[in-house]
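Each of the next two complexes has chain A plus one other chain: chain B in the first, chain C in the second.
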Partner chain A sequence: MEAHLTDTITLASTPQALKGTYKGVVKISLMLAATYLVAQGLSHYLPAADYRQFFGFSNRIAVWIVAELHLMFAAFVLGVPIFAVITEFVGKATGEKRYDDLAKEFTKLLAMAYTLTAVLGCVLLVLFVALYPKFMGYMTKLFKPTWLLYIVLIFGEVVIAYFYWYSWDLLQGARKKWHLLLGVLVNLWGTALLFVADIWVTFMMSPAGIDDAGNLTSLWAAINNHTWMPINIHRLLANVAFGGAIAAAYAAVRFLNAKTDEERARFDWMGYVGSFIAIAAFIPLPFAGYWLGREIYQFSEQMGVSMMGGSFAWLWILQAMLIGGLFLASNFYLWLGMGRIPGAERYVKFQIPMMILLTIGFIVWATPRSIIASGAEMSAMGGSHHPFLGLFGVMAAKNTAVNLMILTTFFSFMLYRRGNRVPAVPWAATGKIVQALAIAAAAGVVLGYGIYSYSVPSNIRIGFSVYQVGAVLAAMAVFVAIDIPLLRGAQEIGAIRWGQIPARAQYALFFLAISFTWLMGLMGYIRSGIRQYWHIYGRVMDESANAYTMMHGHATIIVSCITVIFFLLVSVVFWMASRNEDGEGEAK
Partner chain B sequence: MMARYTLYLAVALWLAILAGLKYLIHPPMPASVLMIYMTLSTLGILLFVAADEARFQAFLAPLKSVFEGRAPLAAQVLVLAGIPLLLGWGAWLRTAPTWDAPFEPRVVHPEPPSSFSLHGRRIETANLKNPLRLPDPVQLEKYTQEGKTIYYQNCFFCHGDALAGDGHFANAFSPIPANFRDVGTISMLQESFVFWRVATGGPGLPKGATPWLSAMPVWQNLLTEEEIWKAILYIYAGSGSTPRTWDEEAGHEKH
Partner chain C sequence: MKATFFKIFAFLLVTVSTYSYVGQLVPQFEEHPPAKKVITVSTPPAELAVIGEELVRVKGGCLICHKVTETGNERGPDLRKAAGQAATRKPGMDAEAYLLESITTPDAFIVDGYSKMMPSALKPPANMNLAEVKAVIAYLQTLGGAEVSVKIEAGDIQVAKAAGPVHRGKELMGQFGCIGCHKVEGEGGVVGPDLTPIGQNRSPEELMRKILDPSAWTTPGFPPGVMPADLGKSIPEGDRHEILAYLMGLSGKAYSPTGAASPWSHEGMRLGLVILVFNLAMLAALAWARAREKKETT
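Let's turn to the complex of A and B:
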């Protein structure tokens, strides 16, 4: 890896670009060959068994940790190219070099994370084969064609992604369009990889295409199972949000370590763009999650109830805490950022009502349905449900709260955007009134349906969330559609003083990255845990000693450990990325 | 002009929220919820204060003057003695013995099994539907009325006249009987779920839902299958709710 990293310093000529790509292909080939040999060797030499322990350590926890770490790095390397290429497109369209530099900065992180993703993937495969031989044998029997496809896609991804990185300086100017094409191809290949990997995991949750004896009847039915497409979309969006948050955290590290104002300005801007991408992709994520939840319920009510109302319900309170924290942190970051925008002081007055809304929203969002209470408190309440607070524990209240929090965060961002500009168009006052009305109407619809939904049956209530979401999205669309012409030719009060933001704003960016990572680990555990004692839900039982649902405390400690390990590994990537750049600077 | 009072305003707001939550809400909210609400309120106040540089500096100014020794001696003593005293008081509150019974966590909706035993037969929950929920309104009304009689003969004593979980015996149980008028109970569930709960009662609850002290009888020992379905028709009709259903077409396409 060392040799590869130093190679990234110079990216100029065709032979070098081809050499870099060739090295990448050789590296991945060697890794796959080694993995195959180790897996075969272990299968051959280890005594036959259905399950094996990992040096006395639980096989489940070993696979869990490695799988989650692999998934996090994979999410990062699949998410980053999506916005890297969009940033590159913006650079090409506007002709501003800083966008191209930013896209390259994003991609630099990517090139280094690829190796870690591949290493973790290889370790995971060896663990699967060694620790779960019987189950893996069954999965291989069903999905062999998809595994071959996966290997082909991995090679395709490696070739294109490495060439995308190594040819950055080569394909500039008139040849830029070819580089953009490579960027699009990286994303298409990456998405295909994600979709194939999702086949196996979703089949384990909601199996289809097999008969009662477990024989394959239709490969396509097994692939296109109940949860496949919802998870594909959910993960695609989450990867972008996650990639943005990690890239923002990288910028925060660089900002805090910056020695010059120029560096501070550059990484301040990068942090802002990363956090913007993270939040923008995060906003539609609950809707994709809702679709996934619905498919889970539809496939198996038992699984659905376990997830939301049964043994896993309390983990959703933790999720609510983290998501509420994300909203607070992103608003906090935007407001602090307004301190470096001349003219943004005009909007400080909105901070009090916005913080009240966000805090109340967070409180409603985090209120548990079934409350922890002592015997005396229970008898005072007349049960485990509080007659008044219990109203906040159901989805009607939570949908309302989260939609209002989304709307508030959007409004914060719009104020930020307008910070140093004064509209110059003659219809500015009317435009602003229409924008205010759009926001007020959406808030009214969200609140109105939220209250009304208490008096209708659940199957109708579920439909209301569509109206609430629709109202919020429509208000956003109207607002932006007016905002673009409104600010065209606007008078600028002063330039944004990039780099002049308090250091604590960078910690909000760390919080975003850590929360996203923790959330991924937690939600991944819930998704996998609701299978309970099944490898393949309802079909292939987990007969190992680990076929039990863990205590929440134990499970969340493991998720926390995974988060810590991930950040230790990411720190290595960050360190190498900055070290490379220092080397590059010195070379120049 | 108000800037110099930022710290005091923040403390006053915090105390006002605490007092409001503690004394204005009836019945009183449990300590666990108060803790969540106060943590979030504290977070909201602190983030608001720190989100603007001038505001943040104004907030810190009195604290700096105390910790840098510029404040009057009385203020320094008050703060420096107050912090350990507050911490000590908190520690004492957490460790002081109490006579309360220990908290027993329980889940609201235990997960239904994929199948269960009814009068010696295996019943699959996945495709279980109420056979008496007929499109003919006259028939449906007849079964619902019969269900009402069954309800008043068997369920009424615990679940109450208004189906609100407040029958004569309700307060003798912990957990108390389900309130069917609550939006979080039967209206969130499919009829198959309710049938399973009625038929197998407290003893039929899954291991994942322990510790369960539910006093719900195993009604299949006392009622026929048809009687249970009729009672279910009534509890939905009587409480003004409808069972959760899925989009049938979408479900069939997938299968």
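Let's turn to the complex of A and C:
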């Protein structure tokens, strides 16, 4: 009888799920048709020109703001399903409903974010066609087949993602495997979408597959250019980190507005999982970043040097400050979180040494190569490089510092993880020693290569960073591989008191989300800016009045404006998500 | 709820303002694209050296790796000594030839203590012509305290072509067979009128009309109806605009080759088809689910 009832309810929900999905398809159909007609109409009726202004506003800044906002929302909607489906898998494997609820909570944020991503993408396309007609004409000619593929992928993503959301309650129980399959498909489709979009942006950085006159000789070579795959991987990881940070910020808002202990416990846990995902995806990001850097050097030494040692060098100091801040904030959150774990007080003694290590790493990483100094100070130093501090201003020191910071943060998280547990296996002492040795060996490799890289040229030095990150990743893998069996059947000192965390911990989560967003804006500017006065590096020149590299101060103000606009838009998504839940609660 | 929102918003503003403030503390400068300088065979040596200095600083991007003052980058050799040491770098090669080779084919000889990392100045992104390379040599000679000995020859000066695949009109006219009947810049057939000066008397709109509809008018002295009626329509719209840009340019008139495709172009039809397919598929799925639901209920 009960099975029959469930079946009836499930069957009754199928058209509802499809109806919800179809609404999404209608929405995207109307948006794309309108975009196409507006873009064509503007091209047709506006006087012919190579460049156009945006109502007296700079065309470059208009495109920059909309492109970055589109990218941020796209990162969010591509990142969230990755960890939503992983959480769902964990729920299925452990049989714990809270994981399934959490995955649903993550996915709930998506529906509205998809709409905003699509609207921003449509506006961006219209701006490109209207403001940069010559450049767009060329790109369209080269990549015509990929545009069509992109449209098909957008529709596919909308259908699968909306159906994934609307069929959540429908595909439970024995049908859960179909829902998980949908989740996997959303991610495969989303990744394909990302890879196609990256073709255009990476071709602009490192063009290939065209002859001297700019005619296409090989579409595959143009697609598989030097920076395509490194940027694909870099963005994929960054999307997960970014999505995790934004989901954690959502949980923090809900925690601060919670009216009951139950709600506080639920959103405390969600914030913790979101921040864990953000940091876990953030740790291998430098590896992908170094790979990208190496490919940039391989493509054009001049572009690489301009990025790291030329006009953009100072922005890496800003990046160091941001990432240093991220490390400090994430450790601060973990340490505050230990307050709600019985038994974690055993590890408080490690906090001060870790803090010192992180602070030293931060200082080294943020040390500029050239010191800003007066003429007298410069002549006293014998140049713009300080005789002692100058040693910390080069990548040799910075790579070493960041890898040690990664290792410290990882160690901090591992202590958090075993906060309320005491290993019960007979080989516990040996296991802990091997874990300590793995960490020490990685630290040794990082320091060794750091010192050695002072004596090699920059193109070889950048390759060392791969070994340093490799050692850190290997140590982490060994540590975790031992930790899992080590803590199996461990004695529990007490249950984690979810919800009993100070409000300032939630501000640490906001700080993570804001800094991730600002960092994304800054790195996007550097990546795009290193093309300097080229639309397509070395091939198609920017002949507009905006073809100059602006002052760093102006660029950072624009990045801040973008971040504020993004969070205002995100707060609408948060508000819609919590309003829907309140509505559901009242209906129940 | 509102109080929390304002607190978080204030926190956001403080955080991003701090980051922007740090952005103001780092050195501030703008980098502009290289100015176009005219070099001729009669450019005086002093002026040539000044142009060369500008090329070293901006278009060539040489100072990313080299230095010309006490403070500067040391990835490449010190340029103040470059001209002075050039004569002794490679046996049998004079200073000027060595400098020319080191700028145009840098991998041919690597100075001890440095690595292969310099791109040829003739290739992107510097994209210099030989006259510009010689201007750089003139600057290096002045920098080293020597007399400018380098000479610009007529063959060194190439007309700067627009970078990239724009204004390809001449090439397209050959590709679509226009040159078979019309003469342009002294090349081509005589069946139709010489199109070299056509931009002087006709507007781009008139020329576009003529390409699309050859019967629109006939130039006096030439027989009507020779040009195939559908020839122009077979040329893609963007390429037609490129041809117009080229023809107008021959008369010294600027015309952007950026053309608008018709809303009923292939792209529009393809987009419409994709929209139709996905909507029909969803409607079919919905109808199937409803029919199944109805059947289960009954």
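Basically, the second predicted complex is superposed on the first by the 563 of 588 C-alpha atoms of A that agree within 3 Å, B and C clash if a C-alpha of one lies under 4 Å from a C-alpha of the other, contacts with A are read in each partner's own complex, and residues count from 1 in each chain.
Here, a residue touches a chain if its C-beta (ideal position, glycine included) is under 8 Å from a C-beta of that chain, and two chains touch if they have at least 3 such contacts.
Keep in mind that what you see is a predicted model, and the values were worked out from it rather than measured.
Do chain B and chain C fit side by side on chain A after the overlay, or clash?
clash
Taking the superposition on A as described, I'd like to know which of chain B and chain C A:Phe510 touches: first, second, both or neither.
Only chain C; A:Phe510 stays clear of chain B.
Applying the touch criterion given at the start, work out whether A:Asp50 contacts chain B, chain C, both or neither, answering first, second, both or neither.
second
For A:Trp291, select first, second, both or neither according to whether it touches chain B, chain C, the two together, or no partner.
neither
Once the shared chain is lined up, is A:Gly309 touching chain B (first), chain C (second), both, or neither of them?
A:Gly309 contacts both chain B and chain C.
Of the two partner chains, chain B (first) and chain C (second), which one does A:Lys134 touch, if any: first, second, both, or neither?
second
Which partner chains sit in contact with A:Trp335 here, chain B, chain C, both or neither? Use first/second/both/neither.
first
Could you look at A:Phe413 and tell me whether it touches chain B, chain C, both or neither (first, second, both, neither)?
In the superposition, A:Phe413 contacts neither chain B nor chain C.
Is A:Ala213 in contact with chain B, with chain C, with both, or with neither (first, second, both, neither)?
A:Ala213 contacts chain C only, not chain B.
Return first, second, both or neither, reflecting whether A:Thr359 touches chain B, chain C, both chains, or no partner chain.
First partner only, chain B.
Mind checking 43-51, 115-123 or 259-267? I need the stretch of chain C that runs into chain B in the superposition.
Among 43-51, 115-123 or 259-267, only one stretch of chain C overlaps chain B, namely 115-123.
Name the residues of chain A shared by its contacts with chain B and its contacts with chain C.
Overlap of chain B and chain C footprints on chain A: residues 300-303, 305-306, 309-311, 314, 368, 372, 378, 383-384, 457-459, 532, 538, 549.
Taking the complex as given, what residues does chain B use to touch chain A?
25, 27-33, 36-37, 40-41, 43-44, 47-48, 50-53, 56, 98, 100-101, 103, 105-114, 125-126, 165, 171, 174-176, 179, 182-184, 187-188, 190, 192-193, 208-209, 241-247, 250-251, 254
Report the residues of chain A in contact with chain B in the complex, numbered from low to high.
208, 226, 297-303, 305-306, 308-311, 313-314, 324-325, 328, 331-332, 335-336, 339, 348, 351-352, 355-356, 358-359, 362-363, 366-378, 380-390, 393-394, 396, 454, 457-459, 461, 502, 504, 532, 538, 549
Using the touch definition from the top, list the residues of chain C that touch chain A in their complex.
1, 4-5, 8-9, 11-13, 15-17, 19-20, 22-34, 61, 64-65, 70-71, 73, 75, 114-115, 117-119, 123-127, 162-166, 168, 171, 204, 238, 241, 255-263, 267-268, 270-272, 274-275, 278-279, 282-283, 285-286, 289-290, 292-293, 296
Which chain A residues qualify as touching chain C in the complex?
My answer: residues 8, 11-12, 14-15, 18-19, 21-22, 25-26, 29, 32-33, 36-37, 40-41, 43-44, 48-50, 133-134, 137-138, 140-141, 144, 147-148, 151-152, 155, 159, 210, 213-215, 253, 256-257, 300-303, 305-306, 309-311, 314-315, 317-318, 321-322, 368, 372, 378, 383-384, 457-460, 507, 510-511, 514-515, 518, 532-543, 547-553, 555-557, 559-560, 563-564, 567, 571.
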